[in-house]
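In the two complexes below, chain A is the common chain; its partner is chain B in one and chain C in the other.
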Partner chain A sequence: MKSLRFAFVLTAAVALPLVGQRPITVTGVRSLAFGTLLPGVPTIVARTDAAKSGQFTINGPHDSQAQVTFTLPAVLTGPGGATLPLTFGGSDAGYSQSQNIGSQIGFDPKQPFLITFSGQGRGSVFLGGTARPGLTQRAGSYTAIITLNVATFP
Partner chain B sequence: MKPTRLSMVLLLWAARLGAQGVVIAPHAVFIDARTRSGAVLLYNPNPDPAEVAISFFFGYPATDSAGRIVVRTVEHPDSTSPSAASWIQAFPRRLTVPPLERQTIRLLASPPPGLADGEYWARLVISAKGGQLPVTGVADTAKVKVGLTLEVRTIIGVFYRKGAVRTGVTLSGLRTAVVGDSLAVWARLTQQGNAAYIGSAHAALLDSTGKTLAELKAPIGVYDAMEPRWALPIGALAPGRYRLRLDLSTGRDDLAPELVLPSPPVRDSVEVRVP
Partner chain C sequence: MYTASKAALATFVLALAATAAVRAQGVNGSISATATVQSPITVTGAQNLGFGNVFPGVAKTVAYSDATNAGQFSVTGQASTPVTYSFSLPTNLTSSGNNLPIGSWTGYVNTTSSTSGGSAITPSATPAGATLSAGGALYLFVGGTVTPPSNLPAGSYTGTVTLTVAY
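Entry: the complex of A and B
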């Protein structure tokens, strides 16, 4: 009974916007992960890496289009303002209409990319990149923010 | 669909979302000058609160030199631009959406006095930051630890309509080229009237008997003049003469019919020679 009530609450919460016009959802699923970084040794994560690549899922009106752009950091910021370079190649991002990491169309994450939602209104964006710690990279925690921008096209 | 079944579908749909991000509806907001207000619903399907920030800018879909559709952003629109970005406000502009709850963003338009009839545009930016994405890449023994946080910004169109609004489109310069196993199609589209042309493009490749060999349907929004490029998959086509037909109409599946401004269909065709 409790779960049924919860179901009705959810219905009330999300059914309304489904009438007439479709909702859109952009979700950050998995962050780009570089694992252990050793000073002076670049670490590359491929967009096809199922464990380490960044992943976003997008749900939108079926068969409609949207523009995807990234706001990418050039460096990670660490202790005392130390920085660690982060680079992205011309095919480090990928889009999969089927949300399958094995069937991506690669694109340059520094350029706008037009996506078309599947008939079910879904898609996934994957991201790889390269972290380049210096030989004298200061130890500590380094952070940065990766932003995915999705603009719908009515 | 029965209510219980619909509820279960929505439950499963919400559960699938996981991680961070909010459901945003609708994906385009239409504001009538008589009410001067609109609303956007946010729903957080995640177990953590979502921090949301709202902002506006002026921009509209256009094409780049390669015919790709992009958002053309105008940072300082002049007085002749149909920009509503400076006089539409959102309430609230910052909020936290608790887990499994919804919040409504109210939009209020305060247009300048004497605003001419027509449609005015803005882009609404909804920035969502997840509550507790785990810091990844932290190694137990590494001297250098890295944590990247993901943010998402969803940008939807806002349309303010005042008085008599009308739209249309002209189609010119239709041309094609065989590129690999595709037929590239270009056309110049120019918006008419005082509102954006929101519709669909349908390209079809016909043989000499009128039989359709390949076709493509894509949504299109014409806010000014643009030259989009479409790629029609044709495979290995036998040498000969064909005809490419391009139709533009205001039918759209993703928008409620009453929101789409009607306009007569527009069509053009061109001969295609495959050597």
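Entry: the complex of A and C
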């Protein structure tokens, strides 16, 4: 009888916070794609570009706040270890509570940014940038990884 | 009762730990950044279009297939990639203010350095399109006909043919 009562108390105490708060998830939806570049010709992708901008979907507790930070690469890496410089401007990232690419709040992807989840506990982060191939840039495919980190406040 | 207190304490600690874990939650997700760099286009004038000696009042033609006298350009760029090309053609060859008219132009485009297996073109009707070979090469050949007037002064006449190629 005692054992049954303890088991009940233990289960209830652990389960309550997990049920009460929706877990945060981050999903990479679309790569930041610069397409075909020519040596010496910088190419800009706007965060509002529906085809080429990078996109993340974030889910979390509705109407709550979280801090997002990017881990940004300085270069794309290509054939034989060749590198292609990549830069991000002060408004190259955008957050949309409605997940509408046309309704973003711009922010600096190099700085932490505070977001508020929608009433449905969703949001989207978009990212643009500039690729700057050199005059003697080696031909080929170049890639890098961009990571979005999301943390709630203690 | 003592056992019950310990169990309650353990429960409390577990609950705190679970709550702390939820509040400290940090997650991340990743995407790729991608780009493809194309080889730049190079255009080289490989051989001049040479009409040689001409006589006043006598037209002279150099065929694009003339291996010695036809003009030749070689192009390099991104393999198997479409390009557009256009010629800038002189109306006359000139010498000290005298003009030697060029009556017509002929041409040929190929992915190998040969005037067979490709396509005849009309240089004066460009821009036109072509596709670089699997090795990223393209060759263009140019011929023409000069029509020296009967009163053309003797001299050395020149003009410039320019080929422009772009992706």
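The criterion applied here is as follows: the second predicted complex is superposed on the first by the 135 of 154 C-alpha atoms of A that agree within 3 Å, B and C clash if a C-alpha of one lies under 4 Å from a C-alpha of the other, contacts with A are read in each partner's own complex, and residues count from 1 in each chain.
We take it that a contact is a pair of C-beta atoms (placed from the backbone, for glycine too) under 8 Å apart; a residue touches a chain by one contact, two chains touch by 3 or more.
Keep in mind that this is a model prediction, so the values were computed, not measured.
J.: Under the stated touch criterion, which partner chain does A:Ala151 make contact with: chain B (first), chain C (second), both, or neither?
T.: both
J.: With both complexes superposed on chain A, which partner does A:Ile115 reach: first (chain B), second (chain C), both or neither?
T.: Neither: A:Ile115 stays clear of chain B and chain C.
J.: Name the contact category of A:Gln65: first (chain B only), second (chain C only), both, or neither.
T.: It touches chain B, and chain C stays clear.
J.: With the two structures laid over each other on chain A, which partner does A:Ala93 touch: chain B (first), chain C (second), both, or neither?
T.: neither
J.: Examine A:Arg22 and indicate which partner it touches, taking first as chain B and second as chain C; both and neither are also allowed.
T.: In the superposed model, A:Arg22 contacts chain B only, not chain C.
J.: Of all the chain A residues, which ones make contact with chain B and with chain C?
T.: Overlap of chain B and chain C footprints on chain A: residues 6, 10, 13-14, 16-18, 21, 23-39, 54, 56, 71, 76, 78, 84, 131, 133, 137, 139-154.
J.: Which of the residues in chain C come into contact with chain A in the complex?
T.: Residue positions touching the partner: 3-4, 7-8, 10-12, 14-15, 18-20, 22-40, 78, 167.
J.: Show me the residue ranges of chain A that touch chain C in the complex, using the header's touch definition.
T.: Listed in rising order, the residues are 2, 6, 9-10, 13-14, 16-18, 21, 23-40, 43, 54-56, 71, 73, 76, 78, 84, 86, 127, 129, 131, 133, 137-154.
J.: For chain B, which residues count as touching chain A in their complex?
T.: Result: residues 3-4, 6-8, 10-11, 13-14, 17-28, 41, 43, 45, 61, 68-71, 100-102, 123, 128, 130, 133-139, 141-157, 159, 198, 217-219, 221, 253-256, 259 of chain B touch chain A.
J.: Looking at the complex, which residues from chain A come into contact with chain B?
T.: Residues 4, 6-8, 10-11, 13-18, 20-39, 54, 56-57, 59-65, 67, 71, 76, 78, 84, 112, 114, 116, 131, 133, 137, 139-154.
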